[in-house]
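Below, each structure is written out as structure tokens.
Each of the next two complexes has chain A plus one other chain: chain B in the first, chain C in the second.
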Partner chain A sequence: MRIPLGTLRILVLLAVFVGTVLFFASQIDGYLNARLFNRISGSVAVIALIAVGQAFVVLTRNIDLSIGSVVGCSAYFTGGILIAYPDLPPILVPLLAMGIGAVFGAFNGFLVARFRLPSIIVTLATLALFRSILVQSSDGSSITTNRLPTWLTEFATLNAFTAGELQFRWIVVISLIVVLTAHVFLTRFRAGRQFFAIGSNPDAAAFAGINAGRTIFLAFVISGALAGLAGFMFLSRFGNITVVAGLGLELKSVGAVVVGGVNIFGGSGNVLGVLIGAALIDLIDTSLVRWELVSAFWREAVLGLLILLAVAADTVLMRRLLRRKPTGGSQ
Partner chain B sequence: MTALRSWEGFLFAVLILIYAVNAWSSPVFLTPGNQINMFQLSVEKIIVALVMTFVIINGEIDLSVASIMGLAACAFGWLVQAEVPGGWAIMIALMIGLACGAFNALFIVGFGIPSLVVTLATMIAFRGFARVLVEDRGINAFPAWFNHLGQKGLIGPVPLAMVVFAVLAVLAYLILQRTAFGRKVYFIGANRAVAEFSGLDVRAVKAKIFIASGVVSALAGILFAARVGAVRGDVAQGFELDIITMVLLGGVSIFGGAGTMSGTILAILIVLALRNGMALQNITGHIQTGVLGILLILSVMVPIIRETGGRLIARVR
Partner chain C sequence: MKHLTVSTLALCAAMFGVQANAQAVTAEKGGNANMVLLPKFLGILPFDQANRGAEEAHAELGNTGTLLYTGPTPENSVAGQIEILTTAGSQGQAVVMLSNNAGDQIAPAAEAAQAAGTKVVTWDSPIPSGAGETVFVAQVDFGSIGVVMADMAHSIMGGEGEFAVLSATPDAANQNAWIAAMEEALKGEKYASMKLVDTVYGDDQSEVSYNRALALVDSHPNLKLIMSPTTVGIQASAKAMQDEGLCDKVKVSGLGLPAEMVSYTMNGCAPGFALWSFVDLGYLTYYTSYMLATGKITGEVGETFNAGRMGDYTIEQDPGRENGKRILMGPFTVYTSANVEAEAN
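Up next, the complex of A and B:
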């Protein structure tokens, strides 16, 4: 029986994830319990959302470095609107945040798709630009928990359902639904396959009649909208939003995408892998703090080396696998 | 008019315009004290921008430069605290920079992993090592001569770091535009496959550039420590964005193969004068960065604007 390469990658990632959990369980007393899941799932929910958005962009051979600023902006503006109109129906609020994020994403997408500017330059610029919009409009003041409606701050810990001591928060369930929807869309729908087509061979995609500009624009809008939804969750989880909200999330999202096995040059990848990548990064990040053998200051060093190791192992393994079957394409 | 057609000519015109506006709106701007201060405040970034020009023209990117700056600065502080003589501490910190560059090169050249990914990871990792070294402390018990070098004038009022920048700028210009190595850097950046088939030592050139990037970044980090007189784990954090912005604004193509050292130097002067002018008008750092962001987008749009303009003119004729 031959296992497709994509499935193999997911299985390896899962094995690494389980191995990491077991490793920490052997090192830290009382590690493996429901509280671990409850604590980590909330932050994974936020990172997974922006990582999936980033994956859409990376699939089309682009990158979105502005995503952290978009999270900050949509959290801040959503909070500001809620303070001005506290009676807004709750169901509208996440949609509002997604809309705000989508506007920022559309700005990126317009510049990249319409003028064919390199996305790394455009989003490097808008990373700074969006952040300064946030600074300018906030005038240094910040959103605080006590000014927000109580339902919002309670929403972050609201359970959709519980299984024993495991709590499945609404934000976790929503995030999982988004990941699964994205997965089905990318693998089963013609519009979804177009993201892969443009990334793996732009010329062939153009000959096949795929509108590259529209697809790339859409990727950036999706990335922005998901960053907006993440901004809503960020607002709900932390309540206090300052001008540095979401700073550095772009690196975590690219890290999750790369560890999750999406080719940084576009064309191949799987959002289920991205979800595991996001979970793995967050798991290590939070577990190292509790590991007595090493100081908490090792967090960043380990995270960086982990990303490097994952990519190096992936590159070397893929090269070896592809060499073994001479007829194989670059699936 | 023909001088304006080249990107450098255009940048030069923009630079003169910014100097004129700044001088007109603030009497302080043109004073020697302010001009030196303007350089002094960003001198570490502009030193790294010189070597980043090589990296990007070669078709690669190095996001880890600011973390190497931080790591070298923190390593220097840690060594001084461990009572290693200052001269040795500087040497070891530079060697750490070299090792960081070689580490990047190992993964980029050796394993063939894209430099964007490798240096993104090492940007996090090298910063992490800096934090492991100094944890959440600040170290400021540097030798007096060291602080003196960073803060006092070396030649008249001009401090050491500016002299280093001037020397490196001339060196970088000569190497990139006047040597065979410089031609290789362009050729590989323009078309790697052709360069390989022509028998060029592509891997050696790339490795040398990344190692140079590590050493120069470490030097810049040490200069930063001397200027500020203290180090912390977050030394130079986020500098990579400013550095890359300067290089791209200078007309260096993000896809490699095109750009000049004089373009980078003009862009450095533009960014410094623009930031200084805005600071004199009490505009905050965040907004300054936003303005630079707009400038960066406009700089990559200029070829398109020029093309559209040319088409419109042709239609009128």
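Up next, the complex of A and C:
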């Protein structure tokens, strides 16, 4: 029986995820219930989008640290436009948010791809730059729920369908569709495979006629657009948007990508893994609040430690499993 | 006997001191002093309101110097504040009005600014050790806000049941002082049937606070109230309770901005909350700074001055900080469905 390496990795991640759930269930009274699913799925919907965008960038041996600022800007500007034009057709609004995010992403992509600047420097600078644009243009006023159209603030809790007490909200369904689309695109399409090619061997990719600059630019635009869509969900879910919106999301997204098994040096990974990675990080974050053993001062440290453990467990398990297989496939 | 004499003398001196200063010093308009208003970070409403108050006082006093409203961006708050304070000192600004977000880390920069002749007046959030600080303009007595929070909880919960606190960050000095003051107040007999079951932290971010509020409800099935002494936390909690249809069961209270809370107060999710005026806080802070810059007061305990439309204020020893001096603004307003709409617009 041969299981492809990619599938194996997903299975291992799932095992770690289930193990984490069982661990917290043994520690916290009344932990396993439908509400846990409803809580975590809603919040993962937002993080997963950002993490998938980040995965595109990381696959090409780059990183996007500005992603939290892009989420904040998209949420804020989309909210601002909606307050000025409350009659915009609802279907246009997420597209608008994606457009705003894509513009920020294109700016990153242009600097990285055109001038071959290191992405860690470029996006570290734009992390501050985009946030400053937001601060300057907001002029100290927040977007508040009561000024937004009702359909928008209600959208975040709208169920696509329910199964017993399990609620599958539209934002969760949309997020899953995006993840699956990204997965199919990356694995089944030539244009998708190019992201892996650039990351695993840039020289070979160049010989094969792949335009590295264009692919990297595209990765940043996708990352920006998905951050924009996340910004839309953010706006819908939290209603009140201040200039600190989305602060620190770069850490969560990189965490989800790495835990999800994407090679931080580019070239390999799977967005289904990233989805599980995002869910795992959010699960740990949410559950730690309810775990009385850990005080608030240590929560961040424990979260960091558990992420390290998850990555280590994943690596060790993978190595063991690979050693047993006479011919390890590669991806 | 000698001891008695000394203390009698001290008492006389103290009384004499009070007598001498009972006549409040008034400002001389048209002075020249360059002022810097430095919030925790730029871009959120309360600080902009404080700036509005400072601008009002600036115009009223006819200061021929400049009033500069500047601050760091949110992700760079601590380092940015220290940098701006350091720069202000070397530029020879007369006064920096600081809402400190850097704890005692900023003390060396504040001391350097003082040495260069720049006064440092804190407002909203002081320098904990008091080092490098001329005086702190306190929005409210940190002890009395604890009583107000306990009373709001008492009235919303009908005097009994479980409630929890959703704060900003675990190391926010003013938040911790207020929560401690509330716990102290809760020891009173009136609150004997109320139980504070948990304290969690939302980092003053909507998304974190929202998720924390839901986690509180999940952990404590009998929870009747979430008390959030931060403007971000209170509105995120109210939104979370509304979204999940929990408003009948779990109410929200704390410190909030009327403009952000009005819908939740009107629909019953957050029946009551409190806040002071940030415009007034900015106005009083500016007046204090102007009096210091023009040499009308020197920042000693017992000095009394007139702060325009807000009346007379006296510098006193800060009861919460051994080496700190404060000017207590007070009072604050409790908002309910009766008065929130008028204030929100």
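Keep this in mind: the second predicted complex is superposed on the first by the 307 of 331 C-alpha atoms of A that agree within 3 Å, B and C clash if a C-alpha of one lies under 4 Å from a C-alpha of the other, contacts with A are read in each partner's own complex, and residues count from 1 in each chain.
Heads up, the rule we're going with is that a residue touches a chain if its C-beta (ideal position, glycine included) is under 8 Å from a C-beta of that chain, and two chains touch if they have at least 3 such contacts.
All values derive from a computational prediction rather than experimental measurement.
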Joint occupancy of chain A by chain B and chain C, clash or fit: clash
Partner chain(s) touched by A:242 [first = chain B, second = chain C, both, neither]: second
Chain B versus chain C as contact partner of A:156, first or second or both or neither: second
Contacts of A:302 with chain B and chain C, given as first, second, both or neither: first
First, second, both or neither for A:290, with chain B first and chain C second: second
Partner chain in contact with A:142 - chain B first, chain C second, else both or neither: second
First (chain B), second (chain C), both or neither touched by A:207: neither
Touched partner set for A:115, first chain B, second chain C, both or neither: first
Partner chain(s) touched by A:128 [first = chain B, second = chain C, both, neither]: both
Chain C-contacting residues of chain A that also contact chain B: 127-128, 131-132, 135, 243, 295, 297
Contact footprint of chain A on chain C as seen in their complex: 41-45, 47-48, 51, 73-76, 170-171, 199-201, 204-207, 210-212, 214-215, 218-219, 221, 232, 235-236, 239, 243-244, 259-260, 262-263
Residues of chain B touching chain A in the complex: 61, 107, 111-114, 116-118, 120-129, 131-132, 135-136, 233, 241, 244-245, 248, 254-255, 284, 286-287, 289-294, 296-297, 300-301, 304
Complex interface listing, chain A residues touching chain C: 28, 30, 35-36, 39, 43, 46, 127-128, 131-132, 134-135, 138-142, 144-146, 156-157, 234, 237-248, 285-286, 289-290, 295-297
For the chain A and chain B complex, residues of the former touching the latter: 63, 111, 115, 117-118, 120-122, 124-129, 131-133, 135-136, 243, 251, 254-255, 258, 264-265, 295, 297-305, 307-308, 311-312, 315-316
